[in-house]
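Two complexes are shown next, each including subunit A; its partner changes from subunit B in the first to subunit C in the second.
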Partner chain A sequence: MSQLPFDPLLLSVVAPLAVAAAIAFGLPKRWSVLLAYAGFGVPALIALWAWIDYSSAAQAHGYAYLVRHSTGLDGLGISLTLGLNGISLPLFVLAGFVGLAAGLYAIRSGAERLKLYLMLLLIMQGGLMGVFASVDIFFFYFFHELALIPTFIMIGVWGGRDRNYAAMKVTIYLTAGAMLSLIGLIALYVKSGADSFDLITLRAYLAAHPLGATVQHNIFGLLLFGFGILVSLWPLHTWAPLGYGAAPSSAAMLHAGVLKKFGLYGLIQVALPLLPLGVGGWAHTLAWLAVIGNVLVVGFITIAQRDLKQMIGYSSVMHMGYAFLGIACYSAVGAGGVVLMMVAHGFSVALLFLLATSIHHRTHTFDMGEMGGLAQKTPVLAAFFVAATLASIGLPGFANFWGELSIFVALWKFSPLITALAVAGVIISAIYGLRSVARVFFGPATDELNRVTTANPPADLSWSEKLPALILLAALLFVGFWPKSISTPLNATLDAVYSAPARSAAP
Partner chain B sequence: MHFVPPMLLPALWVLLLPLASAALIALFLRRSGGAAAALSTLVAAAIAGLALTLALQGDRFEYACEWLKLGNFSLSLGIKFDDLAALMLTIVGIVGLCVHVFSLGYLHDDAAKARYFGGLSIFMFSMIGIVLADNLFMLFIFWELVGFSSYLLIGHWHEKQSAADAAKKAFIVNRVGDFGFLLGIVMCYWANGTVNLTELGAHHVFSTAIPLLLFCGAVGKSAQLPLQVWLPDAMEGPTPVSALIHAATMVAAGIYMLCRINVLMVPEALNVIMWVGTVTALYAALCAITQRDIKKVLAYSTLSQLGYMVAAFGLGSTEALNGEGKVVLVATGVGAAMFHLTTHAFFKALMFLGSGSVIHGCHHEQDIFKMGGLRKKMPLTFITFTIGVLAIIGFPYLAGFFSKDAILYLSFEHNKAVFAVLAFTAVLTSFYMVRLWKLTFLGEPRSAEASHAHEGGITLTAPLLVLAVLAVLGGYIGLYPHAYAGVLELVPEAHGSAHTTIFITSLAVMLIGALGAYGFYRTAATDTLQEKSPGVFGLLVALKESFDAVYNYYVAKIQQRFALLLNLIEQLFISGLIIRGLAGLVAGVGIGARMLQVGNLNVYVYWFLFGLVLFLACVLGVS
Partner chain C sequence: MPIDLLHQAHSAATSNQWAAIFPELALGCLALLLLLLEIVLPKAAHRHIPLVALLGQAGLLVGLLCNFDSVTLGATSFNGLLIHSHQGQVMRAFFLLSSLLVTVLSMISLAKQSVPRVEFTHIVLIITAAMMLLAQSNHFVTLFVTLETVTIGFYILVSYYRTSPFSLEAGLKYLIMGALSSGMLLFGITLLYGVAGRTVGADGVVHTGFEFAVLGDFLTAHPGNFLASAGILLVLAGIAFKIGAFPFQIWIPDVYQGAPTPVTAFLAVASKGAGFAVLLSVLHVFSSYHELLMPVLTVMAAATILFGNLAALTQQNVKRLIGLSGVSHAGFLLLGVLASAYVPMALGAVNFYLFAYLLASFTVFGVMAHVAGPNDAEQELDHYNGLMKSNPFLATVLAVGLGSLAGIPPLAGFMGKLFIFISAYKAGFYGLLGIAICGVVISIYYYFGWIKAAFFASADPSPAPEVKAISINWGARLVLTALAVLTIALGFYQGPLGAWVSNR
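Moving on to the complex of A and B:
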């Protein structure tokens, strides 16, 4: 238990929600903006503190900062239990930092109806911190829904091209995914017989009374496809590029960067440890869907994109394929690789969406065919974009490399053939990544771009863009150079899960 | 390993100084090109000094620390400093410093000088990482990073479409090679339980797949057939970069890597490696004959020489007994390959910097048919360049003579067919080199640029002098300090009749090629070969262009169309049908797609509440 007089994790959830509530109750705009800084800053600071403090914090049941808050539903086994373990800590940190970056960007974005925009973003932020701090599956799910709803609204109200269609499609897909995973979670609750949503209780109970293999297989299937839709498992992925293409940048940053990781997180934190026999029957289906669908087919589709934001959206779908491959391995290396990948991808995709919007401000288009030569006018923007692209295609020195590498290493044990196909994906990502850099920034400018830039000479990255970008880039580099900052706590938690002889326990 | 070797600290300095330099430049010196250039060059000088200290004081050590651990997978970063690393580090240090100094003059007026020198520092960091790496994962990490710095520097003048394309191409083609390399490393890890070079040397399983997959990395980085296409294009980068990265050090990293993993080799793999190198040597030499661009000639020459090194590595295999009494292969090609790598680094860097001096003197004219007469205009460049040419064509008692003879001797002993091809390649080498030399320096100036050519300042000429000395002396193994004995003792030496045969052969091929070119080419504005024998000329051009034609066809006609087709299916079928299906399903359930109107806050809240109610209902139902 921490020595603080309050529960820091609860504060990280409540602070943004409280600011959102204050804005909703009619705070004037100036105060709204000021308080919004606090609403995004407090969770980020708590995340930073937790990251530094975690190794020295007291652990209980494998969690640090474990606090149980009564909700009045204790009889149902529902309580607001907050805590961090090695799996949730990296994602909690991710949520805090990406939230701060998205928030800073939004505050200075000059969006129409700024107060409403910030309010929704703050609700999202509160939900996100809650998702990863929750030890209770009920609240884990609740916070996800809380963060998801603002996404729909933000796409619908502030979205770009095709926003109505995009919002509808995203809503249908994500609601379907959420419902499916909800059914799976309820089935888990019902079948376990532990009468508790608390992960610690569930884990202990299921270790003593393992579920039958068929039950595990069926529940895992529900969770896999439910969560799978939320993480854009091929072929249920088409909401993602469309939605991100239409979403306003801060919403895209938070959703693609953080909220989308909910499904993977659920699989790693809930499904794999509680249903160790469930993954076996699905592993090959999952791995083939991921490698052929997400990595190769979507990889080629990414190459074909002209629209910068769609390209980033598709590349994100592709990278989720690697995460699914890591899950299929069912090993500490694979799962650890997925967590590293989630964190890295979260930072890099958020950075890419931010920069894509910055590019749009200067070119007035997302069509890469109408750009070119922008590096001469905006060298700093170009440098950031090159760095973000190289991070996302897995260059060592950036966090993404560790995720991909660990997954490839784990995958070889699972299937060398699938590994070979997956590694081929790194060529594909180099193609679309460098091609987009070249089309936007290098070579001579196109006539279309010249027309736009003659009318509005583009300025290089301003501080309101540079600061959030720096936060994300610094995180990518820090983890890239010092992966132990994440892998050490992660490994301790994974060891407990994957060294246990769970696979042979069930009848 | 708790014992900390005393020389660990300087080794860490040599690795981290350039990283610090790059970071400082990126953060603070972006707008101050002069300061960035000074910082980067000072660091390069410090690296050269430290490298020589480390190499010569004789202390050899290994040190590693764990960098990432997940489950049973552990990755460490470590330093393996043996004689091989010492030799490579020395080359990187010396050539690196020469190139930095040369760049001070060559890019004096460049608008993005800070970015250039930052890139050079990143390159030094990455390259030294490769040299010092004690395991394959670490090698791969820095392998990718040199690829990145190469990308950055090839694309230095990114406003030129050709430079941007070349940078992209280099990175992607290298990734194709790295695809195999990475698979090989992962396979090696699981097969042997380790990727540490020393541990692999002590014990490893026999496999043909592992060394061949690892060799893919070398095929990409050292531009061997069929992935050679990126290197000629990489000449879009500033000329000092071509000297350092695309001639002396990075492209040689493939050969260095092979020498690092020589314990893993098996005869089948070595056979493949030998032939890939041999064919590349011949192919590139043929391509070099038709080039008009001074840098392109040198680029194909580099390819060809890299082919020599790869062939040398593949050639030298003898069987021996290991500690456990098993027959293992000792790849003695390491000696010949590394020796040629060393001399080549000196004389090729010399010629590239010489070409840089020529290009600088001729106001960025690169066409040798528009040069001529530079002998008088640029005497110092002429003399040093001539030394480089003599060294590469194997003129007796210059550097290339000894190292090329070692390779010819190896092939003579092991495989006569390879010997014949390599000897013929040597004819071609002296042919295209003398052609280049004659057209550039002899005769009369053939353009305004050439007639106004002038020698550059001290920063341009001093590196030429240093490298020229090394190109003369680099072949005398006796002159090398004992510190490099671990590698240089492996260099095969011919004795008796074999020695005579090799000496006569190499002298003969050198003279045939050189005198042939000297007599054949006129110092004129047109290619003599093209005029006198357009058929041969056309054939050689077609040979050069065939690979690019195939790849371009693949990229434009197959890959792009396949991508567009998949995209079409995606947009029409998956996107369209599934969404309609789901919408229909939702409507069928009775919730009414109508309710899904966008932007309507109530609907979402209903959805949300619906979920929660469902949740609670289920919970209550069961408890």
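Moving on to the complex of A and C:
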């Protein structure tokens, strides 16, 4: 148990929601902004504290800070159970930091109807902290939906091009995915016979009474495609680039950076450990969909993009392919690699979306064909963008490298052919990454850009942009140089979770 | 012999237990009191009369909730005409709450028309009392008489805006369709009565096939009786009209559009709820014929969900839209009713869903009553363009209501759907569950389209005239806030309502 006089995880969920509620009930603008700092700051501080304190915290059932709150549904086996294990801790930290960066950026963005914007973003933040702090899979789903709803509205109200179409498409795709995974979770709940949504109870019960292979296969399929839509598994990915292209930057940062990881997290935390026999039947389908579809096809599509934001959106779809490959391996190394990669990708894609918007403020376009030579005018922005691009390609020294490396190592045991194809994808991401850097920042400025910049010459990054970018970049580098800060608790949990049910379920 | 007769009469009189139907009696008296007040009070004071109705209903509701587990629970009264059960109490609270909210809506909506107001509330109260008795009926005669009282009340209410051709058309359509459904129901009851006949019990009391228990025993003893099967199907058809289930949903869009907004709300919530209350009690009686019932109801639920959602997709008039979306809600509820034959928690799920539906629907209807112009039948989606800018309060409340109807967490509607889905999965209705999922995804399109109209700036270069700022009096504001907050709160914390689902 924690030594704190309050439940830190509950506070991290409630604080943003409480601020959002206060804004909803008509707080004046000045106070709304001040309180919003607290709404984003408190979860980030708690995440930081949990990261440092985790190794020394007392563990119960493999979770630290485990607390149970009743919501009146105990008879159904639903209760608000919060706790962190090695898998959820890195993502909890990710959610806290990216949320802080997105929040700081939003507060200073001067968006129209700022109060509503901050309110929605705070609801999203509360939901995100809840997703990764929940031990109860019902609340894990519930908080995901809570975080998802604001994105729809944010795309529709503050979105860019095609926002109405994008908002509708994202809503329908993601609802379909969420519904499919809900049925999967209900199926798991009913078929397990444990009469509980609590992950600890489910795990213990299923270890003692494993499900039949066919049932596991079917439920895993539901969860795989339900979560798969949410994570943009090819060919159900088309909502992602469109949605991210239209979404306002803070929403895109939080969704692409954190919320999208929900599906992968669900597969690693829930589906793989509880349905070990279900993975086998789907592993090859999943691996081929991921490598051909997400990595290669989407990779080539990414190269062809002219719109900077859409390119980042496609590249994030492509990187999700690696994550699916790591899941298909079904090994502790692969799953660990996926978690590392989720964290790294979360930080880097959030940083890229932030910088893309900063570029837009200076060039008034997202079309990379109408840019060029920005590096001389805005050297700091260029440095950040180059660093973020190198991170997302997976250069050693950045966190992304460790994630991809472990995935490839695990994948080699699964299928050398698929590994070869996947590694080829790294070249693709290098091509579009470096090309975008070249087209935006180097070479001669285009006429269109000159026309814009002579009218109002671009300033370099201001502090309101630099501070959130620094938070994200520092986190990337920190994890890159010291991956043990994440991998030590991660491995401890993965070893415990992944070996136990698999062994007992083996015939 | 006369002694015997006297004795029987005495025992019948003691079984009457007037106290057991005190809420219904009080509602009737309240309705009469309203008419009396209109006669005796000076004209200037007439506008306070609905307030009296409101206070009376609120008092009865509180009284009912305080005496929820009253001593008569589980007993029959009036010589077996009524049965007082937990389910009956739940439905009584449901009907009282909806009539209370309809009264509130009528105060907003009727002010925009030149129609008498006290009579409106009077009829609403009478209908509510009949519905409350209907939910507790244990005998086909009570069932039919109360149901007819409800229906006839609705004939008047639907065409209440007598200067509006839409309202009159709706009234005529509802009259014809309602008469047809009553006829089918009555024919079904007659057939069932005919086959079950009369039996003389051991105590010398004559029992007839009208009594639920007698009919139930007869059906158990005679499986596969052709006439009984026909009767059962006819009764089901009559009920399907009330709940708006496929293929008896055809009257819904026109009647919902033409009826005054408060009446549409009353039809959508209370009348549907009454249909489900009847369905639940007769299904219990018919349970031995489940080989006949299950396929029929399964097909009906699937078709209802699909039809409701697909037909709502293209609607531009919000009243038609809400009517057709209500059809799909009837489908989800049918799924829960089906599951209740196998899984005890499904009954709690249906109840929870009904209450979540009530809260969300009245939230939406409350906003509709405010936004509606002088022509009550013409409420188009375009009228909601820019609502967020001119009336942020109404827009927010609308989003909560629609979100709950769409089943988006963390709102109450989501929990209702979740409970229904869990019980349907437990009962093994995998195919229906798949259809329900498709229905939910389709429904997102039109609910979200409505929210989009209210919130998002229109991409259309020449938008329809935007909504003006609408004045909302503090009472309506309070009620709408309470409904929205309850809808959100029930999504986070189910508390005692959650016990319906989990403690059975």
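Rule of thumb we're sticking to: the second predicted complex is superposed on the first by the 502 of 507 C-alpha atoms of A that agree within 3 Å, B and C clash if a C-alpha of one lies under 4 Å from a C-alpha of the other, contacts with A are read in each partner's own complex, and residues count from 1 in each chain.
Assume a residue touches a chain if its C-beta (ideal position, glycine included) is under 8 Å from a C-beta of that chain, and two chains touch if they have at least 3 such contacts.
The model shown is predicted, which means the values in this text are computed figures rather than measured ones.
Novice: According to the stated criteria, A:420 is in contact with first (subunit B), second (subunit C), both, or neither; which is it?
Specialist: So A:420 only meets subunit B here.
Novice: For A:72, is the partner it touches subunit B (first), subunit C (second), both, or none of the two (neither)?
Specialist: second
Novice: For A:487, is the partner it touches subunit B (first), subunit C (second), both, or none of the two (neither)?
Specialist: A:487: touches subunit B, not subunit C.
Novice: Once the shared chain is lined up, is A:182 touching subunit B (first), subunit C (second), both, or neither of them?
Specialist: The answer is both, since A:182 touches subunit B and subunit C.
Novice: First (subunit B), second (subunit C), both or neither: which does A:24 touch?
Specialist: Only subunit C is touched by A:24; subunit B is not.
Novice: Does the superposition put A:169 against subunit B (first), subunit C (second), both, or neither?
Specialist: In the superposed model, A:169 contacts subunit B only, not subunit C.
Novice: Considering only the touch criterion stated at the top, classify A:157 as touching first (subunit B), second (subunit C), both, or neither.
Specialist: Both partners.
Novice: Could you look at A:373 and tell me whether it touches subunit B, subunit C, both or neither (first, second, both, neither)?
Specialist: first
Novice: As a test of reading the superposition: which chain, subunit B or subunit C, is in touch with more residues of subunit A?
Specialist: Between subunit B and subunit C, B touches the greater number of residues in subunit A.
Novice: Of the partners subunit B and subunit C, which touch A:305 in the superposed model: first, second, both, neither?
Specialist: Touch partner of A:305: subunit B, not subunit C.
Novice: Same subunit A residues contacting subunit B and subunit C, which ones?
Specialist: 75-76, 141-142, 145-146, 149, 152-153, 156-157, 163-164, 167-168, 171-172, 175-176, 179, 182, 186, 189-190.
Novice: Under the stated contact criterion, what part of subunit A meets subunit B in this complex?
Specialist: The contact residues of subunit A facing subunit B are 75-78, 138, 141-142, 145-146, 149, 152-153, 155-157, 163-164, 167-169, 171-173, 175-176, 178-179, 182, 186, 189-190, 195, 235-236, 238, 242, 297, 300-301, 303-305, 331-333, 336-337, 373, 375-376, 379-380, 383, 390, 395-397, 401-402, 405-406, 408-410, 412-413, 416, 419-420, 423-424, 426-427, 430-431, 434-435, 437-438, 441-444, 483-484, 487-488, 490-491, 494-495, 498.
Novice: For subunit B, which residues are in contact with subunit A within the complex?
Specialist: Touch list, subunit B to subunit A: 26, 30, 67-73, 75, 112, 115, 137, 140-142, 144-145, 148, 151, 155, 158-161, 163-165, 167-168, 171-172, 175-176, 178-179, 182-183, 186-187, 189-190, 559-560, 562-564, 566-567, 570, 574-575, 578-579, 582-583, 586, 596, 598-601, 604-605, 607-608, 611-612, 614-616, 618-620, 622-623.
Novice: Which part of subunit A faces subunit C closely enough to touch in the complex?
Specialist: Against subunit C, subunit A makes touches at 24, 71-76, 141-142, 145-146, 149, 152-153, 156-157, 163-164, 167-168, 171-172, 175-176, 179-180, 182-183, 186-187, 189-190.
Novice: Quick check: in the complex, which residue numbers of subunit C touch subunit A?
Specialist: Where subunit C meets subunit A, its residues are 345, 396, 403, 408-410, 414, 418, 421-422, 425-426, 433, 437, 440-441, 444-445, 448-449, 451-452, 455-457, 459, 492-499, 501-503.
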